[in-house]
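Following are the structures in question.
Both complexes shown next keep chain A, but they swap its partner, so chain B is in the first and chain C is in the second.
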Partner chain A sequence: MNTQEDLSGYRGEALEALRKAGAKIGDVLRILKNSQTYEGILIPRSEYGDRQHIVIKLKNGYNIGIKVTQNTQMKRMGEGSKPIFTSEPLPKQNLSLPRAAIISTGGTIASRVDYRTGAVRPALSATDLYSVVPELAEIAKIDARILLSLFSENIMPNHWTQIAKAIADCISQGVDGVVVAHGTDTMGYTAAALSFALQELPVPVIVVGSQRSADRPSSDAAANLVGAVTAAARAPFAEVAVAMHETTSDQSILLHRGTKVRKCHTSRRDTFRSVNSPPLARIRNHTITMLTDEYIRRDPARSIVVKPEFKEKVALVKFFPGMDPETIRWYQSRHYKGLIIEGTGLGHVSNTCFEPIQDAVDSGIVVAMTSQCIWGRVNMNVYDQGRDLQALGVIPLEDMLPETAIVKLMWVLGQTDDRRRAQELLKTNIAGELTRRTLLDE
Partner chain B sequence: MKTSYEEVGLKVGLEIHQQLNTTAKLFCNCKPELSKDEPETTFLRRLRPTQSELGQTDPAAYFEFQRGIKIMYEADKKSSCLVEMDEEPPHSLDRESLDIALTAALMTNTKPVDEVQVMRKTVIDGSNTTGFQRTCVVGLNGEIRVGQKKIPIQHIGLEEDAARKIGETEDTITYRIDRLGIPLLEVATAPVMEFPEEAAKVALAVGKILRATGRVQRGLGTIRQDLNISIRKGALIEIKGVQELSAVSSVLKNEVTRQLKLLEISEHLRKMKARKEDFKQNIIDVKEVFKNTRCKLLRKALDRDQHVLAVRLPKFHGLLKIELMPNLRLGTEIADRARFWGRVGGIFHTDELPAYGITVQELEKLKETAKAADEDAVVFVAGDKENALDALGAALNRAEEAVKGVPEETRTARPDGTTRYMRPRPGAARMYPETDIPPVQITAKHISRIRSSLPEMPEQRLQRLAKDYGLNRKLARQIMDSHYAGLFETIVKESNTTPTTAAVFLTETLKALKRDGTQVENVSENQIREAFQRLSSGQLAKEALPELAIWLSKHPEKTVKDCIEILKLGMLSEDEVAKFIEDVIQENFILVQKLKEKALGPLMGIVMKKLRGRVAAASVNKILKEKISRHSR
Partner chain C sequence: MNTQEDLSGYRGEALEALRKAGAKIGDVLRILKNSQTYEGILIPRSEYGDRQHIVIKLKNGYNIGIKVTQNTQMKRMGEGSKPIFTSEPLPKQNLSLPRAAIISTGGTIASRVDYRTGAVRPALSATDLYSVVPELAEIAKIDARILLSLFSENIMPNHWTQIAKAIADCISQGVDGVVVAHGTDTMGYTAAALSFALQELPVPVIVVGSQRSADRPSSDAAANLVGAVTAAARAPFAEVAVAMHETTSDQSILLHRGTKVRKCHTSRRDTFRSVNSPPLARIRNHTITMLTDEYIRRDPARSIVVKPEFKEKVALVKFFPGMDPETIRWYQSRHYKGLIIEGTGLGHVSNTCFEPIQDAVDSGIVVAMTSQCIWGRVNMNVYDQGRDLQALGVIPLEDMLPETAIVKLMWVLGQTDDRRRAQELLKTNIAGELTRRTLLDE
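Up next is the complex of A and B:
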């Protein structure tokens, strides 16, 4: 038996004392110290905990930490009862409802808590999502599968490829829409990636996450998931969209276009915002209301085109006062193929960066400009600095979000090795990432 | 009948919750104060029951959820931030609160734990935006002495206070989140109290120790007692939220009476051979019975096309009107259950009929339709079908429980000392670690720092107050029992008020004002200090203090200076007094002529009545004497 695993998290003195007592996680321990007796179930130690304390769960349900000292005696009293997770039986599927596929990739929406330790773990199966939100059965007939169990920070471009192919599979099997459960941190990037990789979509693809983990009674997961499945089953559009809370209330869900959405708050439920474009639609009381006329209509007859390749040798470079121009040369020396600059204002960088940018462009690197302002459009014709950068070969990317731009550049370089063709593609609207007009309330 | 508590085997444990007076809330930096203003924003949430560690969901919680209950939260910028809204993870455990908890632990011989672990306790009624209450144990195994008896303290903990319930409609419960997150110190005693008065005494003793820390909030609602109580053959009942100490023993007495009565009823039902199977029966539609009814409530429901459903309670005839405690009959208990599970306004039962416009004929027909024998009762309800079904199902369940005896449940205390059904007792403790908050190690150094500045124990302080300030024993005890012992010492130190003046004001005067309906809690310590400073510098008379306090209780945001100006409580100058007295003498000229020096008494009365609080009596006396002797010459 692997002791390391049986005493998870414990190190140093605490680990030694536990080993000596022959204790495992979940065992009932009696600890004697300074004439006090403590009895409880041994709880795993957080990885960030120190080396001296042992955590037990008392009979009244509270956990306490006990410091192991010279005069701490410990006795294993027996095995504690193990928690058993029972999934509720799946609700009956209504065959006349639309079909929706749920693909789980990880994140809080697909997590559950270990009630002994409090650790949040990936859900055991994607059906868990379904069994904890039984209302879904009234909205669609659902096929659920687990594809990945990753925190979204660990999702890489090769995972986008995997997800895109899995979605295409589902669609080719004739589902009416696909839901992708995803961690929220990089959910915007994945949504953009899918927007480029999945072309000629016949049905909607809805990326959904939650800001409060699904094990909490107050989680936004259920409402978001209900919204996402509703959209997958019935929305009139056939695009990649992100479904999340519109406000702090559990009342309405917004659907944001995959290329125009950004996580804008570290913790709030309404963290996702459409930038430089209106949201696609709103769901309230199970009713979907389109918020724009400019969208691709659902058309089950259309044949999906999958272009799932991404190339990773690109970088997003944020300019800041005092930035060392040499950092740009570093990318060149590492044979990067493309750079997206997050410039200031309308799309500027200090002229100390001009020479390395010129060299990068000359060496065949695609260099394009977005703005760190987040809202608005770059315009490199207004000031000299902008005109000079254009002269160096820097491509202005209009109202494209920097995060969308970096994803698009990866995708573009995945489609072609030809630099001229790549530059052309980068400037061409593929999935609503570039719009021609920006309105006041966007 | 006098209850022998020994005979019934009464056992009472206390859980005392005291709000702390800190700079910040327990898990964020908002001020721990209730808001007096209108809410600035509202938001709507739903709480979804999650599986417990045992793979179960709380049935009551799941039920509420299924009914689509929404929770409306009211918030304002002053009293809450994103943390209370469950829109930001909690900050670390407030160290000031921890120090107060450790102080209380050391004062009650409770052993601080080596490492504090914050837990989440599932609470799904909406009173916590997260769906759980954050709570932690700070110390274990303490003991205090109350009279001759040792009372074990099971633990001392810290937890966040819940949101304030504002109201409830059919589908929405409203809470104000200002109170959410205020640090609460929890003291749990072992269930060793055997008499209601003993429990009250222990509650008082614990309250005094907590106050002795000098760091607790005062006023109604800042200390709340939960009682767990059981008697032999009865059940363990948890009573939540006893706000007044004076209510503890009456709540307990009432509860014992209730349980004894329920046991009697159970015995009666068994004698009548009420069996389990009798309670498995169908709920029937009795709309037909009431189609021409004159009962307004039923009429309204029928006009709205709602249902009238009924169910027979076997062998219950006459039992529903039995009083279990003041204002609570068995019928009320059953109605409360129906209300909780069915969200109906109330139910009717045959023991209270004919009444409410329901006729004898209707009653007969009802019994006939329900196939009720003379020994049975019938309960019925009007409402939406689903609600009515749930309500009567719950009523039937409660009736069945009456055969067994006393059902375990959580009850809520009312100000009059009675209790009502609140909810089923939560199942196995559903607590799991709050992983967003790092554990806090309590080092030996930390404990010795707390120990080196422990406040005096109440008994020591009492003796010192009597000795140092020359207070009589009664006054010293009153000061100790009030929340103002600290304030008293401050006032005496920083002004030249005599200790007795300050003590009398802080105890007898304020108590009398409170009795007359003044919300003296609204008067802040700073305002009281200012009053005594102005008193000792002669800007205010002692006699004006009550009037001042009444005004300040209504204007908590104003200063004493404002009050003096607005109410014209300022001391009059000697010239002003002389002029006033001159006028009085002119008005009573004949009297002065007649009585000469003897007019002093009556005139003194007239003047003081008008100028009380604005002039020293001695100076009126002097001026009057002079003037009378001049005028009567």
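Up next is the complex of A and C:
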């Protein structure tokens, strides 16, 4: 490695200070500033990093950015210890175990060794996984591959296409289930995308992430991964689901249907919730308990149908008081194909938006309504303004999550250019995203 | 009234059919269509109503739109019964009771007689209120006035200004508390706006609504109104709060701090929730129990400070995968002053948005970050991309709700044109919108 690579992402004053200290990525640094001492491993910065801050990973696993000033003292303490992977032979494989594929796309769950390699590239060979979470060897024979190495906020609709195709590849090779490791930020969106793109699934597809990286004592990574592999190997359903902590304890993992799940807390381990629908299943003590009777059964004989196209030029517009109605006209001027409105209450926007919406519909844009309440069901028959919006051509999306709705509209417009057909598809339940009116409504 | 007024809002085929039947607004109609019979009171339509539908209010209180076709038969059954208000003298007034003002802005809670008068104008004299909810006479002497008659999705920032001034007027007349009747759709936004606009409150300001109109058996209007008047008259705090059902039963009403409350279900009566903060208080059996020690005490000697200006040209942008970064540039081209981003997780957006955000900040726009998780706290120090966004000048808004953040930014920019001062104000807790890190975080 040359020096430039060794200080990946650093520029300006920060780079200069690090060069002076003779430090490189992965070294342990001790930094003294304002009579505080910080010690940790130097981690790389992204291309957008500023010129002043040095970022180290503290012993407790937290990263901290320290601004380099005139009175910042820095000392290189040596190389950081490399992550320890076992050199022992693999645990004895039970050949009768189910086969699970793990596809990694990046995110916290895959971030264990980032700060060592300097790249956002996880170590995710089967050997590495077994050495980090030995329990996995008792659950399934694992094929692991790295497809992407992205923070999930950088996952785009074209990545959904890539992930869907990679899953289909694995399934065509006869695995008993697929696990997708993914950052949690947009995991709900990706789970919804895969739910629409992968039809007639023969086996389960489990999307999994973690809220705390594996190098922190409170990490949820291992428990979530064990849950996800257990579900991929043995769950009785063949749908796309998200596997995450049910509570803050490691004792139980919930499996949420991919179209009904949402990240509902910035930091808690039990951040993912099923909305307007019960979770699919719970895993506790290695036992999977179904929490609903309405699911698609696992059937290895079924032939997967892959429809991985997503059209961009679709936007999610969250209404708020004082929203400029010209916002809607702008999308029209940019030749958008679809708009999901996140309205208030039962599905409303101010009447100042009616004319732009009418014009958008008249120009051929599919406009559909969800609610920023998140829970509950859009009902545009109760109030006059709701009926008026329907008369303008706005489609009420029942109990569909706004986040699922934007993904579905991208997918629908990837399947057809015909507006009427698109509207029909949008209103038709494809993957559990629209549920019948139930007791949950009240 | 002339015929035109009698059929307010109807046009085209619907108007023709109603004329033929000799019907006018408020009449009972029996409509036969596709061997179904519907009977109900003809209600007026808004200016955006279509030409085909007739809307009647059924006996169960629901409105229904019926499309007029060739085989629709309609019969006028007579005039609908007028809402019955007592002609008895007012209940005996206890002169030692506290005084509460009720200001109505419209919404379901005020919709009782709309369908009779044909206008969105509630009957809200003190006499009417006492006759509808006689219990109120035992709680407070009420001054009632109608300020606005709007569905809350049509409430705009300039209405917040009007409402704030009206409340200040009432308070200057020495009332012991003020109740604001409001539609529930944007009640959270208005409560936040009043929290910023009304400073140094001497008495409580209680915003109240209902999920079911008072003419439906399951209405929550009376219980919420009793709760709101109780709080206005007797609560120990002097803050802006929202009074709504705690559960689906009428037994307990929660009082939520105006900056921390959110409508979280489209239809349930217990739709309002305190987010990232406990509710202020509970009312059960006419007893108010505080649920936190951190509140501003009622103090009639305190002099209210009214800061009712809100600047528009501020937008809420909810990020989603595939979001067009040009969206941000559009706001810049429209000379916006502020943007609240509803990012993912701890406060992230895709790196494709970084350049437009940098340009927006450089052009003088205040850009701040909240989370679409809703619960939890933005923390832009954990990941590199968060630190990078901060380096670009994006302000992390801690545990502030996105809906409160957009209102606060409008308010902040109504107070100052100076960008630095605006950023400082935005980061400073004004009305409980920013709370310290607590156990609720994990």
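By our rule, the second predicted complex is superposed on the first by the 330 of 442 C-alpha atoms of A that agree within 3 Å, B and C clash if a C-alpha of one lies under 4 Å from a C-alpha of the other, contacts with A are read in each partner's own complex, and residues count from 1 in each chain.
Definition applied: a residue touches a chain if its C-beta (ideal position, glycine included) is under 8 Å from a C-beta of that chain, and two chains touch if they have at least 3 such contacts.
The shown structure was predicted, so the numbers you read here are calculated from the model rather than taken from an experiment.
Once chain A of one complex is fitted onto chain A of the other, the partner contacts of A:Q251 are limited to chain B, with no touch recorded for chain C.
Judged by the touch definition given at the top, the superposed model places A:K67 against chain B, while chain C stays out of reach.
Within the superposed three-chain model, A:R19 lies out of touch with both chain B and chain C [touch as defined at top]. By the touch criterion defined above, A:H335 reaches neither chain B nor chain C. By the touch criterion defined above, A:S350 lies against chain C but remains apart from chain B after alignment on the C-alpha atoms of chain A. Residue contacts after overlaying the shared chain place A:F151 against chain C, while chain B stays out of touching range. In the superposition on chain A, A:Y383 contacts chain C only, with no contact to chain B. Of the two partner chains, neither chain B nor chain C is touched by A:R421. When the shared chain is aligned, chain B comes close enough to touch A:Q36, but chain C does not.
Counting the residues of chain A that each partner touches, chain B and chain C differ, and the larger count belongs to C. Within chain A, the residues touching chain B in one complex and chain C in the other are 46, 48-50, 53, 55, 62-65, 248, 266-268.
Looking at the complex, you find that chain C touches chain A at residues 45-46, 48-50, 53, 55, 62-65, 151-157, 160, 184-186, 189-190, 248, 263-268, 271, 310, 312-324, 326-327, 330, 334, 342-352, 354, 371-379, 381-385, 387-388, 391-392, 403, 406-407, 410, 441-442.
If you check the complex, the residues on chain B that touch chain A are 43-55, 61, 82, 85-89, 111, 113-117, 119-122, 124, 129-132, 135-137, 140-141, 154-155, 157, 429-435, 438-439, 441. Within the complex formed with chain B, the chain A residues making contact are 34, 36, 38, 43, 46, 48-50, 53, 55, 58, 60-67, 83-86, 113, 115-120, 132, 212, 215-219, 222-223, 247-251, 266-269.
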